[in-house]
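After this come two complexes, each holding chain A, first together with chain B and then together with chain C.
And now, the complex of A and B:
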């Protein structure tokens, strides 16, 4: 196999291991270690999830963090920020408070050595614009996650793009979530609905409509007309939260794309993602000259945890084996 | 609600405290939440519903009435740390109690519906457990 003529790197968002972290079978150190063992070089972290004492980040934590990075052959790449606009029960955060929240999280990223901050999809464009100079000064890129059901023609994303192109700020950009490329309905989700008592004919209707890329928004009404219950309705609603769009749409915005959240629900025994066609996504990233990290984001745990123990590590391992293959890396590197 | 509800109240959650039964509770959300997210604590012990006004909470080493957590937006409840509910229920080490808890976590960044109401992520617990002696 030839040497890869690209700069795409493999990473893991430790969010992928939320089940094991929650059950305390993997510590933060364990999460970093297994990511390194899988062959990932980049680590993405949700500070609220795995930094005890958040939002305080102690010197001891930072020292330990960098020691782990060195020990396991990884490096910090990204942190994920949240914007808790309803932090206070009786009022919204003001714009000033929202900007302060973003800047606080930029500071945390700097402390952890990460050059990228995921701006959650509900971050308003005006908050991005106001926080951009601070991020730039700190050497951090604030990347808006493009998360389903949003896409590049959606008004909310267009507003963000307007700010990015108008200001030309090097600190602003995009972080596409691959949940925007769900080509067929995740079977882990429909199978769970069946186990939870959904009616098979309504599950079929939802899955078929989705897989045919039909009008999923009408499903909730139809499920009601058919006398469906809460589980059927929930599944119909879920169908509106996934989207399929053309991965080539990323090409136009490639200079803004600094990181990929490689969402997935199920890596099969055959080594492919059941719903998301990575074999058609990765070539687009190669064609566009993407040079950041493909960062695993496993989210299937919640759909299977009722029937068998979740093995997020194996799922991420399989995804990385697929990435290594699609990126033309030497076979066996991640074995 | 889901299988991880099982982790919210655990086998060793109950303690006979100096002023009543104490219940250690873990969050079922994947990230630390600001304390005002503790939006709903419907607690029934041995069939008696506990008035939220009678509850106090210890989190991050500070004890405060449940009604005051709404004002503690600068503090977080971490993913792997329990908070302790202090109840007025009389108890002693070795005594069994049936604990029914409906916990509603208000998720401050996921807003739903035309009224922009935060999503409330619920969990339900119904367990009969034995109180241990007070932690020293």
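And now, the complex of A and C:
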């Protein structure tokens, strides 16, 4: 099989190493080093996760950051912003404050050399619109994450698309999260529920309904009618929060897509993602001429940490081996 | 997501400032740091007895707060994975040996419709 010529690059969101970073078994430098060793060229960072003292980013940090990039053969690609609309207990942030928060995070991206900022899904369209000229002036693309359970026909996304198409701002766009392509229920999640005491027949019901792409709306109710408890409810809720949709839906919006968050829960010993069919997603990106980064976002740690030590590095390594194969890179090219 | 890591196994100790009580180190069950104004509660139960928030204090990287100060503290943060010191007063001195320490953290996460957080409980040994 030959892969068409393409410009897709491999990246890692350091979110992937959250377990090790939390437990201080990997430092920020370690995270960048292992990403480089895995063959990633692009680094995505959540400043609020790995820069103590945020939103202050010192000159010393910036200097160190670029030194690490050079040492490990990587470059900054994206930062992820959050919008704390509930910063204060007694009032919502005003629109002006929300825009200021976004602009502050654009400034941080610029300082860190990243040309892309992930706008979290709760960022209102009017805030995106108002922040767009600032981002454009700074040379940064502000990309709205399209995160499960959202999809391209969802009213919330349609409101954002309306702003993007109406303004035609070059600074605005989309960052699809591959968690919107969960074709079958992640077994790391159902197995954890069983370990936590979920009833096997209710777990089967949830997993079967999801895997059949059946109606999950009333799953929590049915689990309740069948005598389920909190763990069963949690699993049923998960089934309503994952979604499967057709990856080809990205083609229509490809000019807006600047970055991919390659969410995953489990890379198996066979080198595939258990629930997300990357072998059908990557061809869509190739067909659409996507030229940004496929940025690993490992999120399986929280489901397995109760039974064995988490090895996020190995999980990301496996995902990149899969990407290299699907992107037609010759063996050894990523060494 | 990090519930099981909330209560740190190390660092449990008696207060050393003349008051009776102790210090337990705690981590936030979340994947990024948060301004303290979004930390709604860090509830502590020692040996089955709830400790009123008014009898606790909260220290991050050397800065100590009372819990009624947190809602207005938007310029300091509990960093991801940071071990905060939760100091608490008790009526009687803590006996050496094992104690059951339960902590429930409630966080206000803007993109979530209901409060987030988590809880953890561990048996910790107080050095004699």
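One rule holds in what follows: the second predicted complex is superposed on the first by the 328 of 335 C-alpha atoms of A that agree within 3 Å, B and C clash if a C-alpha of one lies under 4 Å from a C-alpha of the other, contacts with A are read in each partner's own complex, and residues count from 1 in each chain.
The rule is simple: a contact is a pair of C-beta atoms (placed from the backbone, for glycine too) under 8 Å apart; a residue touches a chain by one contact, two chains touch by 3 or more.
Given the structure is predicted, the values throughout are model-derived calculations rather than measurements.
Aligning the two structures on chain A places chain B and chain C in a clash. Contacts of A:308 after superposition on the shared chain: neither chain B nor chain C is touched. Once chain A of one complex is fitted onto chain A of the other, the partner contacts of A:166 are absent, as it touches neither chain B nor chain C.
In the superposition on chain A, the residues of chain A contacting both chain B and chain C are 15, 18, 21-24, 46, 48-50, 52-54, 82-89, 120, 122, 302, 305-306. In the complex of the two chains, the chain C residues touching chain A come out as 1-2, 4-5, 27, 31-35, 37-38, 40, 61, 71, 74, 77, 79-82, 108-111.
Residues of chain A touching chain B in their complex: 15, 18, 21-24, 46, 48-50, 52-55, 82-89, 120, 122, 302, 305-306. Within the complex formed with chain A, the residues of chain B that make contact are 2-4, 7, 30-34, 36, 39, 70, 73, 76, 78-81, 106, 108-109, 111, 116, 118.
Contact residues of chain A toward chain C in the complex are 15, 18, 21-24, 46, 48-50, 52-54, 82-90, 120-122, 301-302, 305-306.
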